[in-house]
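What follows is a set of structures to go through.
Both of the next two complexes hold chain A, though its partner changes from chain B to chain C.
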Partner chain A sequence: MDKFALNQFLTLLKREVLEHRNLFVLAPAFLALLLLFAAFWISKQFPRDQLASGVAYLAMLFDGLSPVDMAPVFMIGAIPFVFLLYTYAFVYLMNSLYQDRRDLSVLFWQSMPVSNLKTVLSKVVTIAAVAPFFYIAVLFGVYLIAMIWLTLLGIQFDIEIVGIGYMFLAAVVSLVFVYLSAIVTALWLFPSVGWLLLFSAFAKRTPFMWAAGVFILVGFLEDFLFGSQYLANWVESRANPNQYVIFSFGDLVDRLFNYDMLFGIFVGAILIAGAVLMRRFTD
Partner chain B sequence: MTNIVHARSLQKSYGSFQALKNVDLDIPEGSICGLIGPNGAGKTTTLKALIGLCDVEGDLLVAGRDPRVDRHKLMEDVCFIADVGILPKWLKVSQVIDYVDGVHPKFHREKALQLLSTTSIPSNKRIKELSKGMVTQLHLALVMSIDVSLLVLDEPTLGLDIIYRKEFYDRLLNDFYDGNRTIIISTHQVEEIETLLSHLVFINAGTIVLNAAMTDLEDSFTEVIVSPELRSAADALHPIHERELLGKKSYTFEGVPRAELKQFGELFTPSVADLFVAKLKDANHG
Partner chain C sequence: MKNIFLKNRYTLLLTVLAVYVLVLVIEGAITGREAKVVKFDNPFFDLNLNNFEEFMDNRD
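Up next, the complex of A and B:
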């Protein structure tokens, strides 16, 4: 990819972030503020000596422990953000190739020398890597504030605070795992990503109704004509988080290189190619 | 002269409605071409086909490329302004400049900023906060800052007041058109662009009813006001249109030598608006 083509793709990603800044930046930032406020409020409910012993216990617990080994513990903190991310990811994908046709701004986007392939890929990369990055950045901010707060408490209560440093390192490593998990999840859910993009590009109105309706119809027809539930079972079989969440660096290879993952990517790529073709004409 | 647009047998249907019926179209390079037609005539469909935004049957080449398979490469040489405010409303003025700068290899940022500095458009405002006139000014500044060979305008001044409309066309002529570039304009306000045009295309009900250079109109079309005693002689020459004018009758002829018409009175070349009405009525009457 030459320099201009790379710059062009980065511009497309920037466009996605600007257009969806509420979903990608403001929403996690608001959730972070809410959680921090709740944490501070809860801490205020404890007597001073209990708070001091709690901080001392945490610092002692993590002192000297491997941040990589302890990282999965801190992945729990990311759960609300992950739920928020995937709720918004669904809304984003459903509207990504529909909204601009609805408000006619597609005529502007299509009047630029940007291929439909690049446009659609920019949506995929945005949801697989860019949006999670912003969520991770916000989470990093949350962990940083928490660490500073615990450190200040430690200094105030005259507690050995080295363990808090270990905690922070483990939290940072957990963010790496969460980010890798987000990318692997997007690949694992590639058929769903492709399906939503396909109907986002196809539907003249209510893309969700089309995406859900056609899926239910295909499942019903399979059951009615062949007496089988292969489609429903296949979708259900891909819902287990153990198939895409990364708890250690070793998990990465296992999650990425297996038959189920590669088959899913293949199916998703076909559906995304369909979305690219649908995007060709605006009428 | 080479043609920047070459179309043969273009057809397009929306369900049972045939928007384009075997359209043949040649638009010379370096011309300012007016695409004139009533509502639903197929103007927007034609323009969208030229830039690859709608699928059509038939042979089509624009700037040497087939827009249906090569749209994104074609758009390096073609710019488009539609009849509706199509700039994304959520973008700020500065962001839309950044975007075009990032994706278009022939965009000149400094020129866009210089053009915008002559307007009252603030760079920190979102598009949705601008008036329709400002949005059109902004869009024009953007496309005039792109070094393209063809500019396609679909009712670009629709909904603008007379000051913005005049300024739009002044800018187009002074800052964009250099004799080598081609402009295709579709508009209802025929009188406003008549003096700009070097080529004229009339479209009606999906069919091209006129495709001619403005310089050829004088040779092909003649308008004459005929006194009552000569009307039967004028009728015998099969005028394409006739109308009452201040108690007299005006006839429009196509392809009749002026020497033959001199006997009826003073000869005129019909205005584009009058010719448009004449050709449409002629086409409708078969």
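Up next, the complex of A and C:
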């Protein structure tokens, strides 16, 4: 990819972020504020001596432990953010190409020297790598504030707080795992991404109804035409989070390079190719 | 052929869906793909939704 094409693609990503900053920045920031406020409120409910022994216990628990080994514990803290990310990812994928046609901005973008392929790919990269980055950045802020708060409590109660440092390192490593999990999940769910984009590019109205309705219809059609249920089996066989969540760096290669992952990417590519071709119908 | 597939949005959608279904059915037939329904394995509780009737019998 030459420098011009790279800059062009980066501009498309920037456009996505600017147009959807509510989904990518404000939503996780609001959730983070809510959780921090809840944490402070809960801590205020405890007597001072219990709070002091709680901080001392945390510091002692993590003191000297490997941050990489302890990182999965802190992945639990990311669960509300991951749910928010995937809820918004669904809304984003369902509406992105549909909205372009609805507000006629598709005509403007097609008049620019940007291919439909690049436009659609920019949406895929946005949801697979860019949006999770913002969520991870917000989570880093949350962990940083929490660690500063715990450190201040430790100083206030005169407690040995070296373990808090190990805890923070484990939390930071967990963010790397969460980010890698988000990318692997997007690749694992590539057929779903392609399906939503295809119907976002196709539907003249209510793209969700089209996507859900045709999904059910195709399943029945396969049973009727071929007497088999491979579509349903395929969807069901890909529904286990253990297939795409990363708990250690060793998991990464196993998750990325296996038959099911590569076949899923191939099927997703068929659907995304359909979405790219569908972009030519702007009416 | 290309003109038929790309004639309008409906023909294109049908083409993409036909390719999608064919690829999945052929792959499913070749690999004998079966649903991996929820299965819990632990020493305290055993549940396999593939064989729910046996689970209910054992429970009784």
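Everything below uses one rule, namely that the second predicted complex is superposed on the first by the 279 of 283 C-alpha atoms of A that agree within 3 Å, B and C clash if a C-alpha of one lies under 4 Å from a C-alpha of the other, contacts with A are read in each partner's own complex, and residues count from 1 in each chain.
In this text, contacts are C-beta pairs under 8 Å (C-beta built on N, C-alpha and C of every residue); 3 or more make two chains touch, one makes a residue touch a chain.
Predicted model, so just to flag it, every value in this text is computed and none were measured.
Once the two complexes are overlaid on the shared chain, A:Ser111 sits against chain B while remaining clear of chain C. Of the two partner chains placed by the overlay, only chain B lies in contact with A:Asp103; chain C stays clear of it. Shared-chain residue A:Asn258: touches no atom of chain B or chain C. Contacts of A:Glu236 after superposition: chain C is touched, whereas chain B is not reached. Looking at the shared chain after the overlay, A:Phe226 reaches chain C, while chain B stays out of its contact range. In the superposition on chain A, contact of A:Glu19 is made with chain B only, not with chain C. Residue contacts after overlaying the shared chain place A:Arg280 against chain B and chain C alike.
Of the two partner chains, chain B is the only one touched by A:Asn7; chain C is not.
Residues common to the contacts of chain A with chain B and with chain C across the two structures: 280-281.
Against chain A, in their complex, chain B makes its touches with residues 14, 45, 48, 51-55, 68, 71-76, 79-80, 82, 84, 86-91, 95, 98-105.
Residue ranges of chain C in contact with chain A, taken from their complex: 6, 8-9, 12-13, 15-17, 19-21, 23-25, 27-29, 33-37.
The touching residues of chain A, counted against chain B in their complex, run 4, 7-8, 10-12, 14-15, 18-19, 100, 103-116, 118, 280-283.
Interface residues of chain A, counted against chain C in their complex, comprise 198, 202, 214, 218, 221-222, 226, 228-234, 236-237, 240, 263, 266-267, 270-271, 273-274, 277-278, 280-281.
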